[in-house]
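Note that the chains take the letters A, B and C in the order they are written out, and that residue 1 is the start of every chain.
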Amino acid sequence: MLNRRTLIGVAAGAMLGLTAIGAQAADWKSQYPELVFAVVPSENAAGVVDRYTPFAEYLSKELGTKVTLRVANDYTAVIEGMKNKQIQIGFYGPGSYAKAYKVSDGNVEAFVTTVNQDGSIGYHSVMYVMAESMFKSIDDLKGKNLGMVDVESTSGFKAPSYYLQAEGKPVDKYFANAQVTGSHENAVIALTQGTVDAALNWWNSDIDSNLTRMLNKGMLKKADGTAMTSQDFRVVWKSPLLAGSPYAYLNDMPPELKEAIQKAFVEAPQKAPDAFAKLSDGKDKAFSPVTHKDYEDFVKLNEWLETQRKSS
Amino acid sequence: MLAASRIVISLPERRRESLEQAYRSAAAAKRRRTLLIGAGLVVGIVASGYAGEVNIERFVTGLPRFTSYISDIIPILRWPTLGADLSEWFWGWRKWLGLLLDTLLIAYLGTLFGALGAFALSFLASANLVRSRWLRISVRRYLELCRTVPEIVYALIFVFAFGLGPLPGVIAIAIHTMGALGKLFAEVVENIDMKPVEGATACGASWLEAVRYAVLPQVLPGFASYALLRFEINVRGASVLGFVGAGGIGKELMASIRQFYYGDVSAILLIVIATVIVIDMLTETLRHRLIGSMEKP
Amino acid sequence: MTSAIRNAALSRRAEIEARYPRMIRPSPRRHMLGAGLVLLMAGVAIFGLDRVGFSFAKLLDGLDRLGLVIGLMIPPSPGPMLMTYLGGLAETIAIAFLGTLIAAVLGFPISLLAAKNVIANRIVHFLARRSLDTLRGVETLIWALIFINVVGLGPFAGILAIALSDTGSFGKLFSEAIEASDRRPVEGVRSAGGSALHSIWFGILPQVFPVLASQVLYYFESNTRSATIIGIVGAGGIGLYLANEIQQAEWPRVAFLILMILVTVAAIDFISSKLRFAIIGKSRLAR
């Protein structure tokens, strides 16, 4: 019966309910006074801090708790950090995410990935040579030196290992030396310095790749001091489309916190367009929600790599 | 006892006071010095703790992780399946032993060439053999330069110059060893008995001949002893040069750690530790023999 | 050159050879051992050079490139990174300082266990010595990698890495010094009614303290050098910047960093030598 008492009762109940939910939401804030957000430099450390700081500030404001940006040496450090729960949000490649998932016994979950300007999701691994070199295709590179990125890099090691093997060119046998250079940038620098004959890198499109970012920053110069252009490089191999690099959080955090994080990311292009654009030099369009299922292929890829290792 | 105390009391006042004062000021001076060192240490600790981001809380929470890491990397060995478990743990033993051989060779070649270089330069750096002060000092400074730059820094630069593989590692160890041994060899040379040298020169020997016949027999055991010590140190150093691509087992260790292949980490670590211990023992026995032979007249 | 003296000396050769045959012609056995050893070492060297892929062409090529690199290093310059590098240097010294200190504190009690004249039990002695050897045997860089997993990236991991590997070194050195110490003060304390701890504190410690302090100071300098490179794996200090700049081929900065390291090590060496001389010198005077 709708009388004043019921109304007051319902209102009181609703208020209690809201405060309970609010209290629970506030609960996670007291549990997590600080969220550590770890990214790996696909460029040198200072550049990454520059790139991600505005976004970290946006997240702090949006989530209401301090979001600390931490630049890790490599994916291994992020994986280890999330395993030890010292890092709550991490940015991975698909392969390193799958490794993080396994190492943390499933406590790491992907929640968004980036959408390219043309609406597509995902990227490629490419192999560069210097345009002036005599290597016209990957067949010319037999017995030469290859620069990889890092053992946990998808575009810089895992995916090429898999696809090149399928093409009959297993990386450790086809090339004389396949060495890790430490980062995508280092791989390109090693290529320009002649330390390696070919380098692996990530690539979204001709106007959006690690190489274009380095060229735009003027990082690559010829011996005479003039800046290099994309004409100085040639792509001799490209992988099939790889799943988009995911951001992942710890699974055992409160659901409200996880939802809030995902929401903050997805709404970023609208709520903080400059901070969002800075992440990718304006080349990304949005964040798209993902789940672990989208990366099961990479869990299998890691298993394949492990068995490969033991049989070689 | 009573007699002693009576003697103390019967000291003239002034004398006793001056003695007491001397004692007190000496004790006070010592206390002040201890306090100063203590204060210096405390300041040093606090400043270093700040600069070094020391966080006791992080350490305490991290401590169980140390043990959990150790348990992570050691695989489960069951008695009934021991053979199979062991062969699975050490699945890569052929590859790893090959890399271990590379590591030992890098250490050997680096020590050998470094010792040869040090051998040549040490005579030029000895005060008792070379009169030109300028020459001695420049050789000494050069050796110091070679010695101070850490091997792995040399390795990083040489990998860039010579390419990947064990060769830059050998050169890096050789140069660093030349610096380290050069100094030690020079000290050995400076401590020799000069009489044979004087005797040889008195018979008309040239500088080179005097070195060959009078100096060499005296210094060789000492040189060999230091070279063996250096070889042991270099085996340990060579095991990590692979981290930067300069060959040896370090690259595998690094790759295993980075990719969380826990079993491989412990397997390789055990191989490295066992090797170091064996080389340790071997070089120690050899060195005892050499030092023993040195003490013979 | 006085060939007259030379000829005079050499003319007596037959006579001397008759009187001291063993000196002039050592036994053929020794000759063969010596020659055999040299052959063996040369053989291993040749095998090794082949296995590491040595060739004079490669050597010359590399030296060429090295020459280029060294040329590009002049003049050394930090670019815009001076403050960052100085911060890294402070971190490095802090890592060396704390690491050495902790190792000394940890190493001392273990060294007592490893000293034959403190603990008579052979098993304890053996175990202590072996565990010290194991700590020493693992290279500092490897400890750094392990501690990064324990306390995360950063200088703290470096401090712990140096502390642990040095505990092994100090344990061994301290125990050797303790074993070499004079028994009489220990016996004196015991006969005056002191306990085992008293005998250590009043009997052994004052004797060995100068030697211990001297070794700690020596290792502080050596650890400064180690601390400069553990940054390469991410354990703090200037090593990270050094590795980065080498990989990015920024040679003037590399040269500047190396110079910084040289200057710092020289300074610490100087201070350490002065302090060591003060300690050892004083103790010698005390005797």
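Assorted remarks:
Here is the rule we go by: contacts are C-beta pairs under 8 Å (C-beta built on N, C-alpha and C of every residue); 3 or more make two chains touch, one makes a residue touch a chain.
Source: prediction; values computed, not measured.
Interface comparison, A-C against B-C: more C-beta pairs in contact at B-C.
Compared with chain C, the chain whose C-alpha mean position is the greatest distance off is A. The mean-CA centres of chain A and chain C are about 42 angstrom from one another, to the nearest whole unit.
Between chain B and chain C the centroid-to-centroid distance comes to 2 Å (mean Cα coordinates, whole Å). For chain B, residues that reach two or more other chains under the stated contact definition are 62, 65, 160, 163, 165, 257.
Touching of two or more other chains is recorded for residues 84, 193 of chain A. Contact of a single residue of chain C with at least two other chains is seen at positions 149, 152, 243, 247, 249.
Note for the complex: chain B touches chain A at residues 62, 65, 91-92, 160, 163-165, 245, 255, 257-261. Contact residues of chain A toward chain C in the complex are 44-45, 72-73, 77, 80-81, 84, 86, 181-183, 185-186, 189-190, 193. Touching chain B in their complex are the following residues of chain C: 1-7, 9, 41, 44-45, 47-49, 51-54, 58-59, 61-63, 65-66, 69, 90-91, 93-95, 97-98, 101, 133-134, 137-139, 141-142, 145-147, 149-152, 154-156, 158-160, 225-226, 228-229, 232-233, 236, 242-243, 246-247, 249, 254, 258, 261-262, 265-266. The part of chain A that touches chain B in the complex is made up of residues 74, 76, 79, 84, 99, 102-103, 145, 150-152, 177, 179-180, 193, 195, 306, 309-310.
On chain B, the positions that touch chain C within their shared complex are 41, 44-45, 47-55, 58-59, 62-63, 65-66, 69, 101-102, 105-106, 108-109, 112, 145, 148-150, 152-153, 156-158, 160-163, 165-170, 202-206, 236-237, 239-240, 243-244, 247, 253-254, 257, 269, 272-273, 276-277, 280.
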